[in-house]
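Next up: some structures, all given as structure tokens.
In the two complexes below, subunit A is the common chain; its partner is subunit B in one and subunit C in the other.
Right after this comes the complex of A and B.
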């Protein structure tokens, strides 16, 4: 892998994603009518195989994911992934937890699609906005399967790709639900992202350079 | 874009079966297709240029607003679904029903001419179908799961509770939504077993039988559950539904039973200990043995009582410990027990180790082919019984000797008196005859004969008392008998006693023995005289009495019937009730020893009973005593009482009489009488001597034989005689009527009997009667 984001760049990205999910959390809060906290501890860049291995931890084999495609200066796929049990819990948490299981299973598809849409849009739109670039995002699509399913979607990228991988923690109605956000980008997109991040850091740090220097 | 192309695109925009709304960057409606007109009731013209919140003032949602903003500002596509928003726009179907819809929001164009396209998709049918399915499922679900008494939990594959039924909420004390999202560890005291089973179920290993779990309820109380579980899948997702059955009641019952069993063991142990103590401490010998007598268990009393040690006893046969003479008895009892005969007590002399024996009373039962026996030492008891019996015998013997002494004393007194009179008279006669003075001879001879007769009467009465004197019951005219005793009574009573005789004129004849009756009256008169030492009145009266029904008088009973009653009453000292109670007891007398036999009243009692009659006595101290003698009335015509014939009124005509008598004096008298009467007599001293005469052709008209002969006795002799001379008349003479009481069967027709002593007149009369018939 030739392109690797610097620590600073990763920090910037993490901050942007956190702003995005916080925005999503605000949307969810409007819907649920209760406090919703979303947090993303750390963004990491990993290979596809590492991503698959990470998802396969804890012997979790069945996963549910919301998939959206984004296009613009950076292009790729955004995925919000849960163990299938957690996804139900998430839906129950969002819908209020009083519906019978069967009903939740029925609603899961649509509800998860919308929830995923809110969160992924929150992240992507925030990133695009902060990078001052346009990103077109597709409608959400639900995927199910074992970890490899999510990282072998067709068509395969022309050049090698990288996974920007991050954990996301939901705290809704006394429930803690952990999921994953993954963004698959090809190398040119990653390079473009790095450029954009550099510009963003430049802009942001402009007024903060002295403190940066001092540190 | 050409005009026709534009027109075609507009047509497509209106032709699609979804709602399409195009908003400009200012979020105002640019396009509003026909589908939207129909669903919202708002025309395209009315909608144009207006914002959505103006068109649907009470609807819409912040989420939609956000999504539109994202689309316009960021180019992000958004999705708003009915699943999370019950209705976004107030849309209706053509039929007027509520139209459920999802909305996707897409950016359109690029900056600065950015627009936003809303696509409204009708999901009413799909949602409706889902709803129907769900309702149907829910109905089934509720019927099965909601109403189930068992707690039913559905967990996802991570073990998180996703669904609970009302019974689960009741069981654990938590609300349903408190349980959902928890894992089983939250509910179980120890979840290890459950987690193991859960893992197995997920891997497709079914639970073969319910597992037992202990849950902790909200209030902290433990609850015992029995869990069964199975997995199921929905859309590639695995669930496990567990059914938890409350087994607290059963568990309590099991616990109670266990407790009961534990206490049962304790109780059994307790009672076993009690029995062991009894077994050990008992002074009775105890034993368990086979039915053949092989000892299998003994208690320590064997050692204490008999001296045998346990090792000597175990395996040995109990027969060995019984004295030899009684082994047969035990053997037969063992056999009886093994046949199932009801056990009975037996006493055995058991051998002691020191060679003595002890008397043991055994009681035994046979059960399960075992003999269980308990033996009580009755040695001392039996010895005491023997001692008592011996003491009683000694007492009886001494009483008998005393009684005999009293009796012999009384008899000797009476006999001495009589013998004095007889001997005295005979000596006077002897002197007078020697001196040739014959003038007063008759008087002395009469006196001697009278005394001798009284001596005969005495023995007669003694025998009657012993009931060995055959009675000769005949119809007796009691009045005539009493009148005949008048002179005798007058002489007996003396001058101080006034005699009053009051006889019923129509008195019926009594069936009794005249001479016994005469004795009884005389005896009563003498008793009365003795009760009136200073004089008084003696009344002898007779009456007829009828006893209508069986009567009791004190201890005595008298049968219903007609009776002739003789009353003998005095005005003497009377008797106390204590004396009265014993008045008929033999040997009871108020007279000094030697002055009476004490048998007088007893003999009268015996005579009355023998006559099927009765004696009653009434007495008041200081006023006098009255005896009433009840004798049964003679039923039938009364023969004229034959007057005593004169001695010379009948003489024989040489008939041959064989006399067999071992006492030569008696034989001499009988022969003398026979000769005087004119019969020819043949004499024999015993049966052997008489036999040749009887078997010969010598004519014999009458055989007179003593019953008690040495060798061949009188009865045997009579039998032999009858074989040769079937019609031979036989007169038995006996001094002791032991074998001839009453109408003894051996007296065949043509046989008669006289008892010694007899008067010559009585003998002569009997012989004449027999030979005359």
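Right after this comes the complex of A and C.
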């Protein structure tokens, strides 16, 4: 079964994730004390291989990421991913930069899980609120490796190879930290998502026909 | 007074949300829409409007850059920049540029406050 989202549904999904990520970035800004820059979100319906390729495009190095599964009427995963060379710098930024390297290394795992938790949970909670549905979120899990590691997580997808891949680049310029916030949704969720988006659009813009066809 | 309001957002849904709030608050006001900074500036040259609501996070130039460009053309234009990104730097830049910062998702209350303030400024500025 193939479900194709309409232009307006895709717009609504992008805007919703945009709001979620922007709010979460404001929390990260509080943690690191420096502005977090964000790109405009990109949403694509792609095969897992294409998603891996997108993620691997600019990265020669291995990646490190924090991963959370969300479940409810829609199911998928949210990821905070960056080159593993930047991971200690991010921990340093959050802990205030006073700690010796050994302690930063010791704290790395816990700090990454917490950063991921704040960003991903913040983003998903905003989305759940906007959809007026409860999403159950797993505990954050740290992953390391090549881009493929991030797209072949268990449980395996039960519905083919196509995923909804949504990502936003983030950067903390003063610290030379950059990465992605990505969401992956399996296709069986898309039909459910379409219903939820329809309700969301009705609540947000109810009665307002789009006035023109720009964008 | 019936005013003309420019709404700039790359998301059609976001423009519809502004339209919904506007039609509840001031159904007689006229809305002009643009999906990015270039379209907005083109409109500014060919059309007239009294106030503007700009999205911050857009492809190309962001809403704060656009705000500065619009204010260069119309220094007294009441302006709001709208974003879920309430980072100190963004809110501060909005204030520095002379724009009101409105949070996404937009509430009718926040929109109403901005419109009331803008209408007051426009009424006092009118000859």
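In this text, the second predicted complex is superposed on the first by the 157 of 215 C-alpha atoms of A that agree within 3 Å, B and C clash if a C-alpha of one lies under 4 Å from a C-alpha of the other, contacts with A are read in each partner's own complex, and residues count from 1 in each chain.
Note that in this section a residue touches a chain if its C-beta (ideal position, glycine included) is under 8 Å from a C-beta of that chain, and two chains touch if they have at least 3 such contacts.
Quantities reported herein were computed from a predicted structural model and do not represent experimental measurements.
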### Message
Going by the contact rule set out at the top, does A:130 touch subunit B (first), subunit C (second), both, or neither?
### Response
second
### Query
Which chain makes contact with more of the residues of subunit A, subunit B or else subunit C?
B
### Query
What is the contact status of A:31 with respect to subunit B (first) and subunit C (second): first, second, both, or neither?
first
### Query
Looking at the overlay, does A:121 come into contact with subunit B only (first), subunit C only (second), both, or neither?
first
#### Entry: Which of subunit B and subunit C A:18 touches, first, second, both or neither
second
### Query
Counting only touches as set out at the top, which of subunit B and subunit C does A:101 meet: first, second, both, neither?
first
### Task
Using the touch definition from the top, say if A:201 reaches subunit B (first), subunit C (second), both or neither.
second
### Task
Mind working out whether A:54 is in touch with subunit B, subunit C, both or neither, as first, second, both or neither?
neither
### Task
Residue by residue on subunit A, keep only those touching subunit B in one complex and subunit C in the other, then list them.
none
### Query
In their shared complex, at which residues does subunit A touch subunit B?
27, 30-31, 62, 68, 72, 83-86, 88-89, 92, 94-95, 97-98, 100-107, 110-111, 113-115, 117-118, 121, 124-125, 128-129, 134-140, 144-145, 175
### Message
Could you list, by residue number, the parts of subunit C that touch subunit A in their complex?
### Response
10-17, 19-20, 23, 31, 33-36, 39, 57-59, 83-90, 104-105
### Message
Give the list of subunit B residues in touch with subunit A in this complex.
### Response
61-63, 66-67, 70, 73-85, 102, 104, 106-107, 110-111, 130, 134, 137-138, 141, 154, 156-158, 160, 162-163, 177, 180-181, 234-239
### Message
For a test of understanding, state which residues of subunit A touch subunit C in their complex under the given definition.
### Response
7-8, 11-12, 14-15, 18-20, 22-23, 25-26, 29, 35-36, 38, 40, 126, 130, 201, 204-208, 210-212, 214-215
